[in-house]
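Each in structure tokens, the structures are laid out below.
Here chain A shows up in two complexes: once beside chain B, once beside chain C.
The block that comes next holds the complex of A and B.
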């Protein structure tokens, strides 16, 4: 590593505490948990995109030796299980609300853990076989005979929105399950009427899936004597999982314990309860044995929540000088088969104008149901899509209206003095140096040196392009979080938090906070999360809320520990609390030099029976806060590509990123987050696509053979830079840093590709910009320009 | 059921297995060596990479019975009483892991790269050779640095 940590405080690139365990094979992921006498579950999944379940005949499956149970939706309803408790919107107070334009209530439909009446996407689970081994359970699943009445299916976003499209839910009037307006329509119409330039852009943002490297897995146990369930399964947060499972099982939350240790990635798609988790818990009670399910990769492609899938038609109005006047857009998000989560649509709408001065805007936001796996937030939910749309519009405006694309951005980018700024949807950007971020990104990407590199590329027969994209992110999520700090006289500090680490390194970065404020060495700090018998409150890990909220509650709790400690130390040091100061883990009397350590104070608190009531006993403190401010991380990325004119293949040759973290707790971890985020964004831009066949509704990208994953040899080294302009709405100035890598990556890659091909007349290439698409775009543009159907080679200039 | 015996991390193991048992199942379920992970079942992600008689294999497509008499090394077999293997240490030093799920396979592949290509590795070679290992968290950037540094450290320590 380039940077060496000098201590373990905030700001240091401290090496991670969790790594030794994970590097030696001692991690504990969901599938590593095994319980005595456990049975195994295999799900029967729909081979059809849309079908009515006429009947299920499980007799042959039940007859197989070793099959313990076959359970279907019928038994599930008979046992009184409830639908999954989806929360369709972010309810964070800083965010906009989307409501139907005609005033009708939001459409809802029950999402049962097993399909009961119809199957609505390929891969939807409708029965489970529980057996003594996975192999027997698979044999059993093959013997479950389902009589389907196959129905017409629709998977495409805009096709599903048509009035005559096959109806996913019969009680709906159409598949459009949300139709909302946001912004000021009249002002926007007026601005467009007086605009000198109007640029238009239509796109279908491709559907992708999270592809956590650890497939989901769950083991559940039912303790009949205590009527209590324990579920071991990785998710975005333990408390939420416990509460949601209790809701589905229709029992008090106290009768559920949720446990998760190491979690092999989340990215949002793993963020909440899944049907299979509920079914294994229920099955464990039914068969009287623990039940384990491990998802296979093909099942993950079919039945993990998916993401993005947004059809956009957008227009940008400009005046003669290039000042943005208004933004107008239609955004149609594909919700999939169940109306589970519209927050990507919501979050995308509310910051669609990004960090540019936009006097007014209007968006019609629709969500549409289709015969596809339900969609959910995925890394930077909703924001990468709209940043892509706006940054494409800006590049198109520059090209079509003859502006320099940097100058056009500089003209409209908000200046520091204009902040806080209320955007046309009502979101308030608190602070930041947007111009500084872009300037730094252009410097890192050597924008000025690009013409020479393009010329060199021409001589090698390659088209070379460069792109830039600015971005803003809305970090919100569940506003409430809690930390409970205990100082143990044996020399350890434990911190119970309501988040879980999905790879972000919380055991290290949260311990750095404790090191900073309590002066305790990192190796003496235990971060405890992921077990609801210990963790009572907490919103989990999503929407950049981990460090942002944990830092606040750990600081508050640390201050209480110090205040209590001063009073105890005063007693030990025979002084007055006001004269005791705390520094580097020691309480000292200012003038004397006599001191006691934090741990000696903790021991005294437990030992001295005559301390005041509130000091007696274990030295602990907790902070439970509801943080109403959202946070707005921002930054700018620059990407450079080369394109082979004969193959249409794209090579990313340079990538520079500037992301503002406000105050970086562990820059090593933040750089790592950015690297991974970039690759997820580039993956969407160039490779990944959950492709459903429009006629059959079959998922054709159902394995790593046909869902292209970003690989090591697709990328150059990245040049990432952390900007630290303190946020004015966070007590420590922090901004989340987990999603910035992804948010502008879609835009910057496509902008670079189109820049490379612009001289051929290529206006746009849709995502994923595969070699085939690029090759066709080049040939189509060349054909239009010259009547010649071959792709011209670049000419040295 | 047939019986298979092999050396795993230097120890002789012997167990009765079904004919269809995969090496990864044998390691994880029979021997409880859960450091080797299953990420895809179809030999595409590399999470289950182990060494079989010195060569990197994806243990999700090797039958346990076919390993009769073979020497298998898993991630659990790398560290010694002296501490982490230099490649493991390099992964930690260069922050080459986040969630840690792909990590055992990455480390086993990295060692195979060193044995195939030697310890003086350039980044392009490492990127090309890591083609069979997927990571969703790190963007590969720090993994590439770690493999390069780990290889150099192995040369320094002259430790295979």
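The block that comes next holds the complex of A and C.
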């Protein structure tokens, strides 16, 4: 880890200035907002995975004293609300497009904030009760009588893709709502035909959910006089939330204000407007009082957007020396009940060959609808899944074709001289030292010392395994971002940006940029992001775009502040602007040593009425940029596990990570991001699973009693290292650092587990690799090997 | 949570009186199971009678050969008790492993026993240690106390006052935690007393039970090797998203060996 910060500039591990507020209960999260006269909303949610709504009888609920309104899909349609404006793909110019192979247009279906005709997953909201208290609203919700015609349901990804599966949307020809080809099919077939080795791997990547520490909440107010809505709710960014809410309410965006202060986690599953947010805004107008809704944890498990859930059948072709010839795959993503977002599928396909030299590839990418909560991007959308598939294929190739797994990776890993490199899907990797990252990870993980540790583990009766995984990540997202810097004579600098912190520490890291370029102390910098009455433009926090884009617009705006400042300072110092230099927050004339501070200059700008017009008034500047380049963070992780041969329980005993950030603004924050990312990745690999019962469609892992979260005591101390090879597609050389912890974690954990058990003949263990799954894999392998079903204890060698 | 009338009582007599009314009332001990159920509106009572004010229900003492623990004694108190550690160290270790610190600071022995959760730890200890549950009306042997899923021999209005444990010669407990809830996926409590060997299993069926084959094997030879060739049939065992019946059966055998190993450890 890095040492103590010596100043607050770029590169310093400055302690997060927001932490004291957040850790002492002084944060302001959505549920902390309370408005006078507010009423409370409770949603009526479907107990069925799939059912037609025959009728809703709300008379008994409406009769309860204190119930202000019961609203259903019928009222929603009558009031002219529109479906949620989902954007199914990343439209970033650097990314590939997926289109139906038969040329038909993309399937769409209206996702109304309340289910109108059918309920399509357990927990889908179909009515809301607004009352004077939460308790009364709950009483009312219990009294809403819904007559359901229960329909057959399907939740499993591949089962949903079958032609005879229960149809989620009647106007679709099947549940397959996207069927696209990517890559060069003919070249790939030819390469497989001449391959010496072909390795095959099928897997179902488990479905997980974001589990934000702060559950969602929303408070909405309608100002009838001004016909204006205010929504207080956490999301990835305020501007997008405002625009989307206006779309659903079918009003001009100027009639909506979205406000968010502190946000306790997003990870992507919280990055999009939710049905409940629209309903509370609408309900606030209907009842003439502010309306508040706070999601309960079990409600969050049911109704938050979920993630991953990808069925893959993949093949890797190699020549006799181990050179990769081609990759071929079928990727089927489970979209859930509404076709909301296919970008995890898209992002997974386009970099499925990772940072290896892959002459050609072909992927058939399908998205299927099912009776489950809709899926969305979740930390490193789509990439952890495909990195897992490819890194498993490489380990399988090493074992089945007798290559050393490190040598096989080294042979195929792209060299620096080969960059920029266009991968077989058309993505252009800009720069990086992929070999260096892997070598460093192997060194940190002490790969060379592993055999001795395995031997020690044997003596303790444990199987010990080690794994390595390389990764690349496409950071893209909404390309436009804006920053407006204002220097206030009172001694503060405010920076208005369109990207809110969901816990990433923007108040510190963005302020470090201002400290670097304007020489202003961190505590004098205010980052303003969460109010659309102030923030007009901004894409929000997703896809590694926060620091990557904010750094560009803050730099541009800072330069303008300095240029303006020099002209004003020249006037004050009776010099020429060309002779004024700016350093550490002061403008000075080189020869005389006379100087004025940035804040004195700001005061002068407001005071002096005879300045040129462009300098007169508050000292401000803005930059509004659309960045068309994507970024490709990369790295390598090494994980070591021990397995209890009796129970199959796995313990992570070492974990080393190398992640390239190009240029680290705050290494301590990056290390923290990496730690959290690793834990989320390991959570998926070992513990987490949104388990829906295949027959009833009920979510059986619907609370913390059944949905296993990773915990602090599951992990050893991590050895994380930040590599800084400047990116050639970012003016400051930066690469995003928020998702690297997760991207290779699935792969490296499963690779380590299989390595531990390989001597038994275990070829693979599916995620989550629970003790029972490992125990069964050991038993099955032992049974195959010796006809004996008991698990052999590890033997010292 | 639905509305209810809350009453904090100061004596068993007061508690009895509070329960005696016609309406449905429930005793509240530590509330670690009852409160979540109430909050989720999964149960509805007209009255909640809080036993927290009855001082005589708390405490740990020796009564001749028995260790006596008051019903309202928290898990944390049992875990930290020098008397428990000296008398039945396996019981202190069990209490130290229940839930998390918050649960151990609120949850009570009597509440856990009366609730009879199929995955709770204490029932295994009571059954294996041949404990006696003392109520204001009678003494009930653990053997007949646990009847099924959340079902006990307690009659309406009957209040557990204390549990009497006979001191064993050897005792050990081992459990495999369900990964999410951290309740026992399976837990096995092994004892040897002057009366014989007992092996009590929790988490594996709808209620705690004795694994008689293991008891017989250990009665003949109180060493782990005696269990190595035994297998608990998986039929009738719990199966859920966390473990199949087959895996639970396997884990019972492993946990029995580990409990035995703990029982055989020399006192520290």
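The rule is short, and it goes like this: the second predicted complex is superposed on the first by the 795 of 797 C-alpha atoms of A that agree within 3 Å, B and C clash if a C-alpha of one lies under 4 Å from a C-alpha of the other, contacts with A are read in each partner's own complex, and residues count from 1 in each chain.
The rule we apply is simple: a contact is a pair of C-beta atoms (placed from the backbone, for glycine too) under 8 Å apart; a residue touches a chain by one contact, two chains touch by 3 or more.
None of these values were measured; they are calculated from a predicted model.
In the superposed pair of complexes, A:19 makes contact with chain B only, with no contact to chain C.
Applying the stated contact rule after C-alpha superposition, one finds that A:298 touches each of chain B and chain C. In the superposed model, A:708 lies in contact with chain C only, and not with chain B. Residue contacts after overlaying the shared chain place A:138 against chain C, while chain B stays out of touching range. Within the superposed three-chain model, A:772 lies in touch with chain C and out of touch with chain B [touch as defined at top]. Applying the stated contact rule after C-alpha superposition, one finds that A:717 touches chain B and leaves chain C untouched. Touching more residues of chain A than its counterpart among chain B and chain C is B. In the superposition on chain A, A:264 makes contact with chain B only, while chain C stays out of contact range. In the superposition on chain A, A:647 makes contact with chain C only, while chain B stays out of contact range.
Of the two partner chains, chain B is the only one touched by A:213; chain C is not. Common to the chain B and chain C interfaces on chain A are residues 135, 298, 704-705, 709. Those residues of chain B that touch chain A in the shared complex are 18, 20, 33-42, 44-45, 47, 74-76, 78-79, 84, 88, 91-95, 97-104, 107, 123-124, 126-128, 130-131, 133-145.
Against chain C, the residues of chain A that register as touching in their complex are 135, 138, 142, 298, 646-647, 649, 687, 689, 691, 700-701, 704-709, 770-772, 775-776. Residues 1, 15-16, 18-29, 31-32, 135, 210-215, 262-265, 267, 294, 296-298, 502-505, 668-669, 671-680, 703-705, 709-713, 715, 717-718, 741 of chain A touch chain B in their complex.
Note for the complex: chain C touches chain A at residues 1, 3, 40-41, 176, 179-181, 240-244, 247, 250-251, 254.
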